[in-house]
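In this document, chain identifiers A, B, C and D correspond to the written order of the chains, with residue numbering beginning at 1 in each.
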Amino acid sequence: MRLLNWLNWLRKPKIKTGIGDYASTVPDNIWIKCESCQTLIYYHDLGENLKVCPHCNYHHRLTAPELLLQICDSGTFKEEDADLTSRDILRFKDTQSYAIKLKEAKKKTALSEAVITGLGQIGSFRVGLAVMDFSFLGGSMGSVVGEKLVRIIYKTMKENLPLIVICASGGARMQEGVLSLFQMAKINYALNDFSSNSLLYISVLTNPTTGGVTASFAYAADIVLAEEGALIGFAGPRVIEQTTKMKLPEGFQRANFLLDRGMIDRVVNRKALKATLTNILEFNYGR
Amino acid sequence: MRLLNWLNWLRKPKIKTGIGDYASTVPDNIWIKCESCQTLIYYHDLGENLKVCPHCNYHHRLTAPELLLQICDSGTFKEEDADLTSRDILRFKDTQSYAIKLKEAKKKTALSEAVITGLGQIGSFRVGLAVMDFSFLGGSMGSVVGEKLVRIIYKTMKENLPLIVICASGGARMQEGVLSLFQMAKINYALNDFSSNSLLYISVLTNPTTGGVTASFAYAADIVLAEEGALIGFAGPRVIEQTTKMKLPEGFQRANFLLDRGMIDRVVNRKALKATLTNILEFNYGR
Amino acid sequence: MEDKLTFELPLLEMEEKIRLLVEKEGETKNTAKLTLLLKKKEEEIYQNLTPWQVVQLARYQGRPRSLDYINMIFESFLELHGDRRFGDDPAIVGGLAFFNKHTVMVIAQQKGRGVDDNLFRRFGMPYPEGYRKAQRLMRLAEKMKIPLITLVDTPGAFPGIESEERGQAEAISLSISLMLSLQIPTVAVVIGEGGSGGALALASADKILMLKYSIFSVISPEGCAAILWKDEKYAEKAAGELKLTARDLWKLKIIDVIIEEPLRGAHYHPEQVARNISDSLSHHLNLLRSLPLDTLVQLRKEKYLKIGKL
Amino acid sequence: MEDKLTFELPLLEMEEKIRLLVEKEGETKNTAKLTLLLKKKEEEIYQNLTPWQVVQLARYQGRPRSLDYINMIFESFLELHGDRRFGDDPAIVGGLAFFNKHTVMVIAQQKGRGVDDNLFRRFGMPYPEGYRKAQRLMRLAEKMKIPLITLVDTPGAFPGIESEERGQAEAISLSISLMLSLQIPTVAVVIGEGGSGGALALASADKILMLKYSIFSVISPEGCAAILWKDEKYAEKAAGELKLTARDLWKLKIIDVIIEEPLRGAHYHPEQVARNISDSLSHHLNLLRSLPLDTLVQLRKEKYLKIGKL
């Protein structure tokens, strides 16, 4: 999705936007290659199909705005805390300073952080929402991601609504050191409060969800859904291979692997995600 | 232990009784064979050693009175509900009627049921106690076993004491059909009440503890101890062998096997049982 | 597994005879008379079913399974998977559903249909992780403050090496304790075989309903016969002694209601039986829902503490 | 695992020199002077330790382990085993103990000593069942209304195929949530390596104390270097950037107290360090115990919700 589109969509929530809109600025006759099966697909067709490859069912990564477009009732999403942005508190520098990395990520993604939070409607039900974006520094969780999550958790709680968090993350943000690590505790604390109000929390794990995000709010949900084919785990596959010197089994850490091992409630095809969420929200409403 | 001894001990709780007493009516020079290693041992020596074979450490089964003598401070145990006895409600008859079996079990064991309940002291700490006796119809759990347990649970709760249950049972008592099955729910209900008063419940699993007893109060404890070598399981080994047509692994369902699989807190040698219980009671007192 | 109800053989013979006659001569006075006789014979057999015959009916392969009833009784069942610890046991299914427009949690033991499905679902014999999935869903129901409905249909918890390794006894014990502690209305429906502790783990409810031709037993008649008579052939005798029919349990004040089945069993009119279950569920859920929470808890306490005090 | 603190080589050389001199000449003015120089050099090195040197100290094989401290700080530690689900993980030990005559629950990550013990305890890297054992014991502590004390010392949760299969992420997440929800005072002491989420699972306490030469980090310096610099050799640099020393965490307001260690580290005077831990524990437990429960809960909330708001 282009920056312009995204801004339009965010600023004019009353304007009706269809799922296809975000792709409409790209000419229909542009081809792109499926990342999995390498088949050439019209960009338009891929967009119409929610970026799920029509040939091999591979779920290409969505940006947070794309995901919001997909699951929210058109024009209902209102972002919160869009102005919260990260600072380079530790003055962390690897080959580049964290400050510069932040600046570039913002420019590249047109996002202010790796998560968008707000209130919106799904299937006519009002919900609290947080959607992570892997394209912003690998969806990593720093202090601002933590703070935005905590704020939306309490805001959702105050309005007595269910909460949906769509995860996509490589884990904690190293450049914020132990501050990012402790966001896990901070967020889980807020979720404890949320839960003790009998409110429902649903997490959706998309490709990839690993590290500190998985080991905190991703698995603290009442109902855990996973997108088809998503990689989900605590340790990354390469780390495991290096540590154990073992070949990883076929499909290891993929959504269906985890379903078989009892770790998630359901595997959902992206095209069914909104319907499944709506279904659960109906159950929540019907109690 | 002889009937006479047991009655004396029960009726005159003020009289000091030592661990060795119950064996003292048997002449020292009588030999018996260890059930496990077949070594001949002086009956007196075996008794002095709490019926643990000095050669192979096999824990020979204790009767409930013997166990009470072992763990209770001398003369402190006061039995409750000794008069509660089972009736043949279903008029159950296999090769013999349940009514006759009951009568014979009472005669053989000098017990009124497969469990003795009461209040007593261990290491100077007052506790609620229930001790099962395998020699009474295989320690099977019928309605009266359930009722006696429920009564001692509530009595212990009323006195704000910790509860210790020593299990030895083949499971539910078939001759009371579904009434015995539902004792599992009845007892676990009472234990829920007990637990919600923040009172501590310790179970000790002795050889054997299987079936409905294991699947109810045995595993509903805060701390689960097992006597060395005790067979503990839901299904009996023969049933598992028949169903799965597999050879059972070495040591299957024995105390150490379960410790390795995280199912019990500690394996205890009988000679250390009283000390371990006292230790836990000290912790309970020190909170 | 035998697939025939042997005591129905006379009925099957008569049916076959009528079918052939109708084929040859069309419907005549003769066939009408025979049909009447058939009806009489049906009633005769079914009004005098022995406990062992009820056992056969309760286990009958063609009998509707939990998922059949779930589809007929509830709306938009959304299955939720896994114990979040170790695995997802297909011998126990559970999830959210609508019942009379209200959200409920449904947890059920599921026997298979056909060889593959039966192996997949281990003939409805759960693993510890099945009970732990049930516990997770029970907790979710309690958090959501929605009623819990369980369907019971199992020969018992699976007796295997892995079951023992992963704590079958602990899983059942905790399941019973948890179910009894839930601060929501709970109703269990025994639809086929209520086998021992493995069944009780899902049956420790405020109200226990039983289908007329279902059973609930401390041990299988075969197992009982093997132990007490030292011979499985005495299973039929044991079935009688064990008092395992719905009528027995009702007399023993363990269950609350017997749900009617048509002559020849639930598989003859599954929709009708589903309606019967639905009506009974509806009645009892409304009743339980109308109670203040402390009354609900008090009644449950009385129900369970009096068991066996006859 | 390297077994030498390379930055101590100058000290070791001086010590050897002094030892040889004393052997040859006895204690002389010369050796006294050298000893003084040694002391000075010690102070110089230890007052200017780099983060990477602290990492080496925190991981040092000779450093006292959890069970060493447990034996020195607590009385009659009674280990309780198992998660009652799947297994008993030796990388986490826990049980009841007395501290200042009061009953407490102690849960600790335990690294091994020697090859066999290290393999047995997986170098202190827990499996999911380790965290589930911890959860069970946390619940028992809450039920008994006794304080929870944790000792943190792990490179991280074990990254293995089985770990992922049995839900390492879920186990850590639930452990954090549960620890934060406990209605009892909780104190964590980081005694060596606080490695990532696997450490946080036992460190989400009311008060977090850290030994002076222990570390707490979002990722190992080596892992960080491999990802950000694409080269593990930058581990030393990464150690500096990550802000992982006790002093860093104190400045970042994540931990409450730095517990003093002698020059050259805890292994030089284990009893003294145990006393230091004991004193600090005593102080903080008394403080937490004196609070009404709702104040305790409120303070915990404030502590955790403000993290990162600098």
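Quick notes on this one:
By our rule, a contact is a pair of C-beta atoms (placed from the backbone, for glycine too) under 8 Å apart; a residue touches a chain by one contact, two chains touch by 3 or more.
Bear in mind that the values here come from a model prediction, so they are computed numbers and not experimental data.
The greatest centre-to-centre gap from subunit C, using C-alpha centroids, is found for D. By number of C-beta pairs in contact, A-D leads when A-C and A-D are compared.
Look at where the CA atoms of subunit C average out and do the same for subunit D: the two points lie 53 Å apart.
Subunit A and subunit C have centres, each the mean of its CA atoms, that are 42 Å apart. Separation between the centroids of subunit A and subunit D, computed from CA atoms only, is 34 Å.
Centre-to-centre separation of subunit A and subunit B, using mean CA positions: 55 Å.
Looking at subunit B, residues 219, 261-263 sit in touch with two or more other chains.
Among the residues of subunit D, those touching two or more other chains are numbered 84-86, 166-167, 170. Chain pairs that touch one another are A-C, A-D, B-C, B-D, C-D.
Residues 89-90, 92-95, 142-144, 146-147, 150, 172-174, 176-186, 188-193, 211-212, 214-220, 232-235, 239-240, 243-244, 246, 248-249, 252-253, 261-263 of subunit B are the ones that touch subunit C when the two sit in their complex. Across the complex, subunit D meets subunit B through its residues 76, 78-89, 96, 98, 101-103, 129, 133, 140, 143-146. Partner subunit D is touched in their complex by these residues of subunit B: 195, 198, 200, 219, 222-224, 259-266, 276, 279-280, 282-284, 286-287.
Taken together, the subunit C residues at the contact with subunit B in this complex read 157-161, 163-170, 172-174, 176-177, 180-181, 196-197, 200-201, 204, 216-219, 223-224, 227-229, 234, 237-238, 241-244, 248-249, 252, 254, 300-301, 304-305, 307-310.
On the subunit C side of its complex with subunit D, the touching residues are 84-86, 128, 132, 166-167, 170.
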